[in-house]
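Consider the two complexes below, in which chain A is the common component and chain B and chain C are the respective partners.
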Partner chain A sequence: MRTTLTERTEPRPSLSQRLDRMGEARFGLLLLIPTALVLLVFLALPLAYAAAMSLFRIELTVSPAWRWAGPGNYISLLGERAVRESLARTLAFAALTVGSSVSLALGAALLLNEPFRGRGFARVLVLLPWAVAPVVAGVLWRYLFHSNYGLVNALLYQAGLIPAYRVWFDSAPVAILIAALATAWKTLPFLALIILARLQSIPEALYRAARMDGAGAVARFRHVTLPQLRGILIFAVVMQTIVALQSFDLIFTLTRGGPGQGTVLLSYLVFINAFERLSLGTAAAMAALLTLLIVLLGGLTPLLIARRPRRERQDG
Partner chain B sequence: MSDQRSQERLSRRSFLRLAGAGAIGAVALAACGQAPPAAAPGGAAPAADATAGAAAPASASQPFAGRELTLFSAQHHAAHVKDVYVPLFTERTGAKVNWIEVGGGDVEAKYAVFVASEDASADVLIGWEAINAKYGPTLFEDITTSVKPELVAGLTPASKRAFTFLDKQYGMPLDTNMAIFMWNSDLYKAAGLDPAVPPQSWAEFVDHSKKLSGDGKYATLFTLGDANSGFVTFISIYNSTGGTLLSPDLRTLTVDDQYGLMAMEAIHDIFVVSKVADPAGVTVASSIEQGKIFRAGNMGHYFAFPNHFVLAETPDQSQIVGKARTGIIPGIALRSGSVNGLEGYAINRFSGNKELGMAFLEHIVSPEVQKLVATGWGRPPSVQAIFGDADVVAKAPQFAAVQEQTKYPSPRYGSPFYTDLAAVFVEQTLAVIDGTASPQEALTKIQADGQKVIDDYWAKAS
Partner chain C sequence: MASAMPWLRPGAVYALVALLLLWTVAPVAWIATMSVQPEINYVSVPPRLRVEQTSLRWYAATLAEPEFVAALRTSTIVATATMLLCVTLGALTAYPLARLNVPHRNLYLTLSVTARMVPAMILIIPMFLILRGLRLLDSHLGLIIVYTAFLLPYVIWMLKNFFEQVPYALEAAARMDGCSRLGALVRVIIPVTAPGVVATAVFAFIGAWNEFLFGLILSTRVAVPVTVKLSSLVSTTFHSDTSLVAAAGMLALLPPVLLVFVLNRFIVRGLVEGMKY
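Entry: the complex of A and B
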């Protein structure tokens, strides 16, 4: 009887009341559930599915059946010439992309950090490539270097630098270089923007002190600006490496992997295995290796940033 | 403190309200969307409706009234198959047709997904020789015993062969498209050549080409932009040597012999020695691009598909109207040789709508459609008898060359390992062109690597 009375006087709390009484940590976890569900359905499950696929031989030109292969797909990949060549090509492409994009972005950021007439407009202009879709960028650059109608040919020919219009994509190294430049052009705005943001946060007092010590422009850049940018530059390098290792859409529209297999990067090789050779198990194994490579390189970021120069450590 | 708690409560309740309102809004938006069309018996997915409604009950004149067929095709078929042949099919059968299209280069990727997921959302699928050999065993329905024998008997030999893989028929051909020779009579005249007479042999072709080249212009262009286009280029030259590249059981590659050497040396000659083939060809993967260069008046002659002649005669597509001529491809050891590029349709083996699918396959080889293929599209018909039709003879003069061309070899060597084998060929052909391998070295490498591709496939298949 007493129990009944208690129940009457203290009714079961409503959902919103229970939410109100919930601790911060639990409420935070509750808010994370929708995102976690989306990630589970669209990321974790496909990843797990792909990982499982990589352990089976799935040859769609033979049969849709999955046949157990264990680590067989991974072992055969390591011995495949196409994979080794593609890996070397991918690393070269990444080095070219990172080198060109980070140095160009640094130059652009330094320029945009200086006061000059029309700086606001220039900042907007630099951002434009970021707004271009990778597929569009690929088509754009393909036409820039077109052997018959390309702007590059026209300019070089008019300037007397080439005797006749030339085919740019008939050589694998040149095609890789153009693809790297196109990728750098596409990602330059983002990098320039984050470097510019860091540049603007460097205390002016450091430059004043350097000037008082008699440092010229080059010395100030070397001893003040560059050390201050170290963290963001490492971040930019790793971000750009990841972008380069993932490159597919731009290459697909720019060269279609040609000439021959000359611009077939690892990500493109995954596509070829999955959608042209129809070897889904091999493609999944290759994708897993690529993911591992990206994660390893991505994981280097905090390590590199945490590792401060010896002199800095001694001083501080 | 009290205010803070009140704000906190308000915030959480607001969140709930917002989430609830969002969910209701999403449901309302979804409800506003168009209801999907009723699934076809085969479980067809919603797709663009290519025909007017056909909800009438079945009758003798329209045996499939009230039924739906979903066609998966390529963009370059839309103007003819979707806009002309499909409405005719609906008129005849009463069936409603849903049309799905992708770019021609994306068909394979989509088929990989079809096989992997045993997808029945499309009943009839576009195909060609290479696709047919690759997907015949796993995606296309074997119609060897279900198709009417009289329809198969009426097909041109090349078109029948293209849809047959290891003695099984996997579809019906829409045309007998194969490369012929096309030249610009004005450029021939300007080069001092007889504008009415094409080269009769490969040696003459090279000789003519030298006269047509110069001032930064090249006489011809062969496509090598990707594995498929590079392989097609090699085959179109190789097929006139008299050689046979693959054994009938598709287990043995025979390229490192006199025939292979003739073909590879011919390629070496036109690109490296005589320099009459446009080096830009290594970046061109599509015969459509090749045709555009010819129609701009920038190329003397090339190996063209017959419908390119129709385009060359169309004023808004061509700057050389009235100047294109057609003949047969000049051969190396044989008088000629070509490569087929014919297309057709097959039934999705996962479809539950196969009866209607077969009706569509029969429709595309009907005399009415075949005449439209020949006169409207400019493609050689797949039915032999249509070549003799008076209308066709009058409207498609290029078919005289096609008929002559069909007397010579034109296999595409489609196989389940087509892509890998083609990649080996194009890699070595490019090595010959850029001087890193001699024709003989390239052939030795192709023989070894190509045979490995074949052996690997059969090992997997067993």
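Entry: the complex of A and C
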């Protein structure tokens, strides 16, 4: 009874009231704390941990000891043939992936922007690959090109284009190409979606003005549509480069790195070093270089988009 | 907007759309076919698909496999919990970043964009050791925390973009009516941006359901997600019935695909608005 009396005479502020009396900055920082803790322990700490590991020789197959190596892992990486080959493969894969997915996505976006019956349905159906896990996409494309029961073999055979079923994955360049197409299949919906949104936001007045200046359909496309898409296309190229450089899941189920080392991209090489050879120091150094490459590339996007040629800047 | 390519004839448009849809659907349609036909039908050259032999028995067999059912359960639990945790933490973080005068706000935003570029491959090397230290290997909780940390930077960014669009007057009015600060977030900002919040939640659920690498390394028996289970089926059962693997693949891809089809309106707008730089 007594406690309730004292509370009545001198009410203690509730948590919500205390929050309301706090300064705006303090309140905001307070809200950031839970997320900051999670990200510190499970994102920043592993990152720093990996960076530290990259400076040691850690061969778990030999001993659990960490032996100081300084920049040794990084130096030996650059001299290793497997790394150089994998880097070349990764760059080729990235070029194929970016080229095919951005051009296909641009085509798809332009198409889905045209008026036709069933357009709403088509726009929904096209989303399908976005929902599919990269690992599952690898399985799908593996079965699509399977040597015994692949749809591609069946169709080409019945069309008379190949005399017998082919083994597609026995050639490294073909396997890389299939992996790039499968990656393009998976990311096309997202890229097409953002390009389509940009297309829809191009002001009609620009087209009218171009028409009054006597521009034909092709000229309007070249001088109005394409320049307006420039920023989003650069964004798409950079996003897709990041996706390509990070690629692992899809390759894991599509080819398992084969034939031989034929589809072992950099991230896959990190995986092999870390979890098959248990050379954690080497793996960490390799992963650190890959991360650096990705962050630098990703950081370029805003710069590239900002540097839009003034001549084409008609919306400002 | 009117056509950007008026030189395309309607016939050409329909032909190209048909090609686009074929490219989109064929990989899934083929495995779907394999999952309801006896292996002998699609192994024969050329394939002889028989409608009267269509059967769901491979689905029944897969769903009678305790390990596969456990994997589906793990993915459901982990993806749902990750989604809830991501949206809760994400909203608490995005709110001050979008609407309050927080010191070093731009620094935090830059950090969140940079964090999105960090590949899972570098985190996984020490993550195994960290989770082992915390005794969280091969557990649902371990996966939930790791997935949440990995997806949070995306979720924060998306929610921030949505929260920024709410007019300040709306929030001020709620506060004048006696709404507390947190009350304004829960009763005004989140309801007003509900479509965006739903899109973000779906994004987190699908991201967690589709995750592979962390599950592959951090789980061995108890908390194996369906993506990892599927990949082990693909690599080990080449001698057994492929229709079973096809059915397992369909079961792994159906939940996110159905979500996207049912909620497509939210998702299209959510991705476009939420991913903006």
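Keep this in mind: the second predicted complex is superposed on the first by the 291 of 316 C-alpha atoms of A that agree within 3 Å, B and C clash if a C-alpha of one lies under 4 Å from a C-alpha of the other, contacts with A are read in each partner's own complex, and residues count from 1 in each chain.
Definition applied: a contact is a pair of C-beta atoms (placed from the backbone, for glycine too) under 8 Å apart; a residue touches a chain by one contact, two chains touch by 3 or more.
No experiment lies behind these values; they were computed from the predicted model shown.
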Checklist entry - First (chain B), second (chain C), both or neither: which does A:Gly79 touch? => result neither
Next on the checklist: If we overlay the two complexes on their shared chain A, which of chain B and chain C does A:Val62 touch? Say first, second, both or neither.
Outcome noted: first
Checklist entry - Which holds for A:Ser147: it touches chain B only (first), chain C only (second), both, or neither? => result first
Checklist entry - Can A:Gly214 be said to touch chain B (first), chain C (second), both, or neither? => result neither
Next on the checklist: I want to verify the contact counts: of chain B and chain C, which reaches more residues of chain A?
Outcome noted: C
Next on the checklist: Under the stated touch criterion, which partner chain does A:Gly160 make contact with: chain B (first), chain C (second), both, or neither?
Outcome noted: neither
Next on the checklist: Looking at A:Gln261 after the superposition, I want to know if it touches chain B, chain C, both of them or none. Which is it: first, second, both, neither?
Outcome noted: first
Checklist entry - Touch check for A:Ala137: first (chain B), second (chain C), both, or neither? => result second
Item to check | First (chain B), second (chain C), both or neither touched by A:Leu32 | outcome: second
Checklist entry - If you stack the two complexes on chain A, which partner ends up touching A:Tyr49: first (chain B), second (chain C), both, or neither? => result second
Item to check | Overlapping contact positions on chain A, where the chain C interface meets the chain B interface | outcome: 16, 19-20, 27, 31, 148, 165, 256, 274-275, 280
Item to check | Residues on chain A engaged by chain C in the complex (per definition of touch) | outcome: 16-17, 19-20, 24-25, 27-29, 31-32, 34-35, 38-39, 41-43, 45-47, 49-50, 53, 107-108, 110-116, 118, 122-137, 139-144, 148-149, 151, 154, 157-158, 165, 182, 185, 188-190, 193-194, 197, 199-200, 202, 204, 207, 217-218, 220-221, 225, 235, 242, 245-246, 248-249, 252-253, 256, 267, 270-271, 274-275, 280, 283-284, 287-288, 290-291, 294-295, 298-299, 301-302, 305
Checklist entry - What residues on chain B touch chain A, complex-wise? => result 8-9, 12-13, 15-16, 108-109, 112, 115-116, 118, 134-135, 137-138, 216, 224-227, 230, 279-280, 282-283, 285, 293, 298, 416-417, 419-420, 423, 426-427, 430-431, 434, 457, 460-461
Checklist outcome for this item: Counting only contacts in the complex, chain A reaches chain B at residues 15-16, 19-20, 27, 31, 57-64, 147-148, 164-165, 167, 169-171, 255-261, 272, 274-278, 280
Item to check | Residues of chain C defined as touching chain A within the complex | outcome: 1-8, 10, 13-14, 16-17, 20-21, 23-28, 30-31, 34, 39, 42-43, 45-47, 89-90, 92-93, 95-97, 100-103, 108, 113-115, 117-127, 129-130, 145-146, 148-150, 152-153, 156, 180-183, 206, 209-213, 217, 227, 230-231, 234-235, 242, 245-246, 249, 252-253, 256-257, 259-261, 264, 267-268, 271-272, 275, 277
